[in-house]
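What follows is subunit A paired twice: with subunit B in the first complex and subunit C in the second.
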Partner chain A sequence: MSIATGRATAPLAAGTTRKRAGILSRIIAHRTDYLYVLPALIVMLVVIAFPIYYTIELSFFRTPPNLQMRDKIWTGLSNYSTVLNSSVFHEVTIQTIIWTIASTVFAFLLGLGAALALHREFAGRGLLRALLLIPYVISAVAASYVWKWLYHSDFGVIGAISVALGITDEPINFLDNRQTVLASLIVVNIWKEFSFAMVMLMAGLQTVPDQLHRAAQVDGANTWDRFWHVTVPHLKGVSMVTILLLMVANFNSFIIPFVMTGGGPADASHIWITHIYQLAFGRQQWGVASAYAVILFIVMMTFGYFYVKALTRGDETRAGD
Partner chain B sequence: MAVISETAIRPVVRKPIDWWRWAGRAFLTFLLLFTVLPMAWMVLTSVKSQFAAMQYPPQWWPAEPTLNNYFKLLDPNSRVGQDFLRYFWNSFYVSLVTTILGVVVAVPAAYAFSRFRFPGRNFMFFAVLVRNMFPAVVFLMPLFLLMRWMGLVNTHGSLILTYLTFGLPLSIWLLKGFYDNIPIQLEQAARIDGATRFQAFLLIVMPLSTPGIIATSIFSFIGAWNEYVYAYTFLSRDSQMTLPVGIQRFFTEFATDWPGLMAATFMMSVPVVVLFLVLQKYFVRALTEGAVKH
Partner chain C sequence: MAEVVLKDVVKNYGNVYAVNNVSFTVEHGEFVALVGPSGCGKTTTLNLIAGLIPMSGGDIAIGDRIVNDLDPKDRDIAMVFQNYALYPNKSVFKNLAFPLQMRKLPKEEIARKVNDAAKLLDITHLLDRKPRELSGGQQQRVALGRALVRDPAVFLMDEPLSNLDAKLRVQMRSEIKRFHHNLNATVVYVTHDQLEAVTMADKMAVMNGGLLQQYDSPANVFAHPVNTFVASFVGSPAMSLIPLDVATQGTETSLRSPEEGWELPLSPMNARKANASSNGKVVLGARHSTLKLHRQAVPGAVPGKVYTVEPTGDVTFAQVFISGAVVNISLDPSVVIAPDEKVWVEFDQERMHLFDGQTTMALQAA
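And then the complex of A and B:
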């Protein structure tokens, strides 16, 4: 690698060569530093770089279902057009957007409300926070089974309650109905993750200086004004990170739809991830699934740009070099 | 209730009612019910017999509560008990090894990212962070082929290796935050006193970063304990399965035994909830580290 670049840059200005030597000597001077990072890098390379490379390669081939990859046939971009032209893909894309946005918005709003209500010190506050966090800690598989039982079409407690309260005449079939299934799953997802937003925003609220609130109070600002003009500006940064993390997590969620409905009925609760899984491991269309995954890579990289930017805010100024 | 007694004792109203505070309390009550009721129903169902659970309208409170479902799960002589205890042990073993290896690999890397300025540092750091963005499913297929090639399919090694990588970015990120907060002067003082750089790291920095290591370990352990997708794909042999994959197999064989499933779900949640409650302080700090600048 370095020899090749060396040849290419040789005819150029002497300054380049000096700079290259500078980098090389810096690498040599820092050679022991790499030992600290090496174990992490090796693990990451094996389990990340290889899969990404392999997924991109497979996306250009028609693959046999039995995973004997010697027999794959080059098909160019046809896997991509198969994915992009399928009507199920369009339907699933809309569901993915609804799933991601609705889960994020409601989890954030519930979390914000909880953080504001828990900000004031009162007896039992710590216990309450711990209780609200339990759904976030337990496994999504456990959550899925519990809610599947709550939603059960014959013996589910939610259906029974809605009948007992006279809201409906008979139990609703939440999960076997194309109209209600996605919303029902979104509720489970919000249940599972709103307390993450709560904890993040509680930490954010602690950074709001008390003096500002008192000063505003002295100036006659009411509760709403103080919230809007003092609290909200201070929460902007942490809110952005929280929303971004929720978006990424929701876009990537798999277990809740997979365990609860398997994407059904009639694909109505599929999102991209479960759909890719079904194409790959259900129908053995490895090439098509790979192309689908590459499309997802591209969308994720866009998210990733903002994610890294939001997370490393301040890191660069500290680093100095 | 509280309103009545308070006004009864102090009939003179000094302040107008703080509507915001009452709105907050009402909202918290709603959230508490939303959070707790599903879990309460899980526990109530787990102490019913299958006959009592499959009734409409449901028994709101179990008429004849029984711990049979739990006895069955914990009885090493019954088939269900044997399977459950084996899955439980598998989950524990995989999570523990993942956690220990994760700390061993993440600590030096996080320290290097925090302290050293070597060429390629930023690129590597971003590469490590970006890994967090990608869903497991995208890596499944090539990893499955890789594991087959390495002969690791149906072994716990395949799970430990993959859990290690998806835990590492977060671990490194968290630990780097802790190292950033340890003053470099401490190490410099040790160096002046004749310690090597590695000694300074081992004897000065490591003990100070214990809270960070605890926080990171909780995250790795809970992450590995709850993981489903890789375990579902890599393991097909019954004896190897971890809890999240295992429980669905023995309770849905014929018709779903909902009380049994709820008991198993409860048992599966106990270790992580206990871990979380005991080490809550570290957990919350780790969750918000990096996102909030104090």
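And then the complex of A and C:
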């Protein structure tokens, strides 16, 4: 047994070292090839690596009284403790999690419903599909302004309709209210994002073989059974990708809260990115904002690592077993 | 088991008739092949029997029930599809169990039936695998198992062998035939391969352009094709067809080549058939094995020119131009013959076919 393992590992180890040496010598042997990609590599370093490095550097400094960052003051890790001990950070984190999960879940479910509805053939399908795509193609800033007016407590259409129908006595104050503001913004975000999920899932639905549905029909499956046993398994892959993309987009949301409320009232609609923006460009706390960004970066990378790992493991078992 | 009756079945999409007034009866335990070229309506007919697409007209009965308005699941049918249509995310066991699960059978009964079916098809060792881990033949067997496990009245099979390679197809062909024999199952089988139909079926329904051309045993379809379409579709190589004119001189009737001028005297029986032609033109049909090749002119033979020679081992096929048509003739492999050689071809008056030059229908002696 031990002999067998010894035999098995020895050539493997030799192989890896040979391969390492091989990469270096290959680079030298193909140096002209690497010369060709060098400009792209330099651009990548400048636009990606340098900002990351500079953010990390700034996170250890404090803004000087003259606001010139060349005179920045070293503070060590105090920016990090400021962020982590701040009650606003905790509040904003919870809001960001609510924002991300609620937006992702409902945008996905709504998109799935729309995709399933549009998958059947009916008169006016093309028109409806085009209409449902409008939120996705419209500018987020423009949409935010429109929704701000729809929600407006004095002139808003939604308030006027609810009063006219007798649902409420007076227009609801959606945005200028700590209790309702986050939910109201999430609704806008869902409206903006569900058509993305719809497009992805519509593409996914087209990969479900028609014959499987027919087979299931003959096997006695009703519409729900067919959805559950035939459609859902086929949508697994595209659903995972869609949810990942939605999550990333929602963690990094900025435009809707920034344009509609600026994070207010009293930080009730701040999410991470708007809060960082406010700290950096509103209060000139570059160091604190950078520390904040670094913390987010770590959180996002950890999250992304595990998600992608789960995603690829699923792929491997699907392809392997 | 039950019989299947189609009466005046129609399926049209606007002006396009995919299935046009098709009627036939599949008896208990009979194996019927629906055969025809692509787009002839055979798969549509099968889907109509299954209830997967709505009919435009006519009636379909399975057993003693009219099933026109019943859902596929209520028709007591099982179907085997061209691409097997196995559920890719389910194991073989779960694939077989699915139709029983949908009928809400108790767990123990499902396990028993699945194991029985698996044993019958020799796939017990595959029950834990996923479909993609199986070979084409194994997947085909699982698809058969999923149909079998429910003990349906009728098996519907939609080109189940067309995705297999040639060797496996021949093997699965005999397995399906055995399967039919063992279960005494009623089977409706769609194929575009006339050889499959001829070798497997008790009866074959030859379709073309949405119309049922002929419904009979393979032997009868082979021996008495009702029209030139059936004649040229069934048999390999196909029956050779030569368009000719009818020439009558006194009491003698013969066929004349409009291009080459030669005449072929007919036997009294064939003369009566030829004289029944509606426009004085006939299509002469002959199978390769009924023709004799001569190097010199002999009575009853017509001239031709060799086009190609195809040796296949135990028989050699020669293609000969006769009056502008290509005629297949089978020869003993020892016969040496070269392209462009001038030859004479003798017809067997007993086994030649005469079709109407206009309607293409087989001519009957008046």
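Going forward, the second predicted complex is superposed on the first by the 262 of 321 C-alpha atoms of A that agree within 3 Å, B and C clash if a C-alpha of one lies under 4 Å from a C-alpha of the other, contacts with A are read in each partner's own complex, and residues count from 1 in each chain.
The working rule: a contact is a pair of C-beta atoms (placed from the backbone, for glycine too) under 8 Å apart; a residue touches a chain by one contact, two chains touch by 3 or more.
These numbers were taken from a predicted model, which means no experiment stands behind them.
Judged by the number of subunit A residues each one touches, B leads among subunit B and subunit C.
In the superposition on chain A, contact of A:N85 is made with neither subunit B nor subunit C.
Look at A:Q179: by the touch rule set out above, it reaches neither subunit B nor subunit C.
In the superposition on chain A, A:F50 contacts subunit B only, with no contact to subunit C. In the superposition on chain A, A:D225 makes contact with subunit C only, not with subunit B.
Legend: residue contacts after superposition of the two complexes on their common chain; A:R214 is shown touching subunit C, with no touch to subunit B. Counting contacts by the rule stated earlier, residues 321 of subunit A appear in both its interface with subunit B and its interface with subunit C.
For subunit C in complex with subunit A, the residues that touch the partner chain are 47, 50, 52, 71-73, 77-79, 81-83, 85, 87-90, 98-99, 102-103, 130, 133, 146, 150. Taken together, the subunit B residues at the contact with subunit A in this complex read 20-21, 24-25, 27-28, 31-32, 34-36, 38-39, 41-42, 45, 53-58, 104-106, 108-109, 111-113, 116-120, 122, 124-143, 145-146, 161-162, 164-165, 168, 172-173, 180, 197, 222, 225-226, 228-229, 233, 244, 247-248, 258, 261-262, 265, 268-269, 272-273, 276-277, 280, 283-284, 287-288, 290-294. By the touch rule above, subunit A contacts subunit C in their complex via residues 209, 211-212, 214-221, 225, 229-230, 233-234, 321. Here subunit A touches subunit B in the complex through residues 23, 26-27, 30, 32-37, 39-41, 43-44, 46-48, 50-51, 54-55, 58, 67, 69, 110, 113-114, 116-118, 120, 128, 130-135, 137-142, 145-147, 149-150, 152, 154-155, 157, 160, 163-164, 171, 191, 194-196, 199-200, 203-204, 206-207, 223, 237-238, 241-242, 245, 248, 251-252, 254-255, 259, 273-274, 276-277, 280-281, 286, 289-290, 293, 296-297, 300-301, 303-304, 307-308, 311-312, 314, 318-321, going by the rule given at the top.
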